[in-house]
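Look for chain A in each of the two complexes below; its partner is chain B in the first and chain C in the second.
Here is the complex of A and B:
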């Protein structure tokens, strides 16, 4: 949500489908959002709701076949990435948009040193020679707070701990000073204390280099400290899209509302956490009407028949719910 | 790295010793009187006794083994009774032929096997992939003695492109000499080439699915760089292991190929030594072959450590 600010990335009506033997999986089905320069957007949702596929679509890295971007526009700095040829797209990847992945243990190539893997992108995109690239890589390692960077530069991934590897991944992703960092569950595979460090690091780097961040996570706990805007996805669609405070305190969608209430909080005394019953629907055979209706505590007749459009429930707050205005009132008698 | 090599050398010694003991034991338990085979027909008991004394056949097995090992340490492999010459001189004559043949075969395997496998993996399900898959299946199923005979029929008898059999005569030039190698080396390489192609294909496909390949793409590297730098180096690890082990086999187990193409190598000699019950010959040839195989395995392990840094510290590769 850019609110008139300088838009960096705008995704319009993105549809990325997977053509499998069982049928067409509509992993991402009509997703739109925008990120301003320097803004941080959190994409939140359960596993399999299309978060990662959205991110891979932006990078044009959806495994194909079976995946295909069927429709939509991905406009980055005024240019539609989907219309770029392979060569132009490579200039964007790593150079303008950096990406880090969920599992740092498997995301680094085991047979090359950390240093050479960071240096590679610098040499390809910035055209520096080996020595200059090395100096830059060591600086980057220092920037992501890896001690003894000079020595670590020569080490292999297996000599690094999980947290250090993720730091190295971040250094690699930021090596060419991209304008956007896509972080796909960057802390999920790490210990809790390390998670916090990684999220702090991302927040700090944002401040320092004015980076825009697209943070993908299923963990609402990590969103608060990093992002300003939240995009809640469910079954391949956007169900709520607003700034973080509104989603946290004044949610207009029962899915996001339930998610907020299933996060343990220290400042609120509660006996039990709310859980969302059932599981996400199969993306091949979506139920008619609202995809969330089978699990929704407030669902009415209309929810099972008509799919709710994504509309502005209030200024700057999008929600895809028939009762976006007042579902809580509407569903009287349902207690959290 | 040095510690790694020393440790492997030490293991190598044990393996060689074990093989010598095993082969001696096998030769000792084969029924039949060796002395009677060596002596001319109708020799007197006295002559037989002399032969037994000369070759220590009257001593118990362990004593014989001890003497043999002591001789090996003095680099004395004994004398072949069929050739009436030292086993060393025969090995010196025949081993280079086997090694040269195996080298040419290995070159064929490396070039065609890896190339076919990588092309097949990169353009999966394409025409080339299907072609490689079918032709490797056919090749694997064809025994050497059949491929060899077919090649002799087509390329020597009918087309006359290559000499039918034998090693290049002394004094032949490079190209005419090489023409003698083409058929035996191809026959020797055929099955391994097919196997390497399949191994390289499956290994590359496996590697291409790894997360770090996606990372490399996300860095903005070209497809070529992702495939030939990031994937190939990982994908080749199992291939190099196989190639190394196979090289020893190519030298030692070329018996069929060397027989069909009448190649004067170690396999040819080994075949006749076994038929003739020439114990010292069999032991000597096997001993040298074992040393070669074990030594090549050592080189493979070293190159493996070069390819995969995780091996260097003596840790097992992580399960990823």
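Here is the complex of A and C:
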């Protein structure tokens, strides 16, 4: 949500479908959002709700076939990425948009040293010579708080711990000074203390270099520290989109509302956490009406028949629920 | 990679892991500086060095190559010199020069034209080494190119390439080579082409399989997200990670090519007389197997020993490149 600020990335009505033998999987079905310069947007949702495919679509890296971006616009700094040819798109990747992946254990090439991998990216994108590129790579390793950067530069990925590899990945993603960093569950494969460090690092880098971040995660605790805006996805669609405080404290969608209540909190005493019954629907055969209706504790007649549009429940707070705003009143006998 | 701890972790040149104390770490770094930092190849060499059979193979190969290179200096005689055609030789010398058993003058005896067999054997090694290297290089260039195309891009190109490879598989190598040689005519250059072209299918298939698994790695995705193009991804990220089975196969393939050349020369399709190759020597000595059987054993043994050497080295390389496979095949 850019609120009139300088828009960096705008995604409009993105539909990315996978044409499989079983049928068409609508992994991303009509998703729109925008990221302003320096803004951090968190995309949250269960596994398989289309978070990663959304990110890959922005990078134009959807595995094809079977994946295809059916329609939509992805406008980055005024240019539609979907209309670019391969060559232009390669320029955007790395130079303008950097991406880091879930598993830092496998995202580095095992046969080259950490340093040479970062250096190569710099040489290719920024056209620096070997020595300058090396100096810059060491600086980057220092920036992501890798101690003894000069030495680690010469090491292979297998000599790095998970957290250090993720730092190295971040250094590589930032090597060409991108304006947007897409982080696809950057801390999921790490243990909790390292997670916190990585998130802190991302938050610090945002401050220092004015980086915009698209953070994909299913961990709501991770979101809180970093993002300003939250996009909640369910079954390939946006169900709630607002700034973080509103989603956390004044959710207007039962899915997001349930998610918030399924997370343990230090400042609230609860005996049991809320669970969301059932499992996410198959993206090939979506239930009629609202996709969340079979699992929704507040669902009523209309929810099973009509698909709710994404509407502004209050200013700057989008929700796709028939009862956006007062769904709790419709719920009978549900205790949080 | 990081969670295995076996005695090989103590190998000098092996890179340090990060769990260690700073002092140990400094020490390990020091060792690393001394022993070079290509840990993989240092490890491979370490494991290879401790494989006796592979070292036997390697020594034989080194000797073979040196002999081929220095043939003019090593050969005691001109391999083509025959007293029968020497105007200065007396009739008695001519009569006595033929089919001599090994002696101090002719270590491996002389053939039916009185030529020194050792010299012919030494010069013959040149043909074998040349064929081995050139034919395998041809196979590698074609095989790696098409294997990479098929494995990386997939789709209909993959089908076309792999079905063509299947056609090549349908021919036994020697039969196929004979067919090609019949079309191209005899001669060493055509042997290179025939053996080289026939070998591509296996290399393409191995490389394709290797690429299929390597390209799913996240670092390939990460490279693409960094804006790397296909050529760069194949060359820098996929090739080094999928080349190991190719190294093994190519090593053994050199032995195979030497054998195939011997076959063709034996059938009169390869290196033409009087220039010696081990295959045509074998064919030349075959008629005398009842009267002087030792003659044909000389080139025969040379062929067997060198082919075996490449197989031993290839086997050792496979174990050295991937210790987990050891003993499994």
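Before moving on, here are some points about what is shown:
Just so it is clear, the second predicted complex is superposed on the first by the 335 of 336 C-alpha atoms of A that agree within 3 Å, B and C clash if a C-alpha of one lies under 4 Å from a C-alpha of the other, contacts with A are read in each partner's own complex, and residues count from 1 in each chain.
As a convention for this text, contacts are C-beta pairs under 8 Å (C-beta built on N, C-alpha and C of every residue); 3 or more make two chains touch, one makes a residue touch a chain.
As the structure is a computational prediction, the values presented were derived from the model and not from experiment.
Of the two partner chains placed around the shared chain by superposition, chain B and chain C are both touched by A:158. Legend: residue contacts after superposition of the two complexes on their common chain; A:37 is shown touching neither chain B nor chain C. Legend: residue contacts after superposition of the two complexes on their common chain; A:15 is shown touching neither chain B nor chain C. In the superposed model, A:68 makes contact with neither chain B nor chain C. In the superposed three-chain model, the partner touching more residues of chain A is C, compared with the other of chain B and chain C.
Once chain A of one complex is fitted onto chain A of the other, the partner contacts of A:125 extend to both chain B and chain C.
Of the two partner chains placed by superposition, chain B and chain C are both touched by A:95.
Residues 59, 61, 86, 90-95, 98-99, 101, 103, 106-113, 120-121, 124-125, 156, 158, 169, 172-173 of chain A lie at the contact with chain B in one complex and at the contact with chain C in the other. The touching residues of chain A, when paired with chain C in their complex, are 59, 61, 86, 90-95, 98-103, 106-113, 120-121, 124-125, 151, 154-156, 158-161, 164, 169, 172-173.
Those residues of chain B lying in contact with chain A across their complex are 210-212, 214-223, 225, 230, 233-234, 307-310, 315, 317-318, 320.
Interface of chain A with chain B (complex): residues 59, 61, 86, 90-95, 98-99, 101, 103, 105-113, 120-121, 124-125, 156, 158, 169, 172-173.
Across the complex, chain A is touched by residues 1-2, 15-18, 29, 37, 39-40, 217-219, 221-229, 232, 236-237, 240-241 of chain C.
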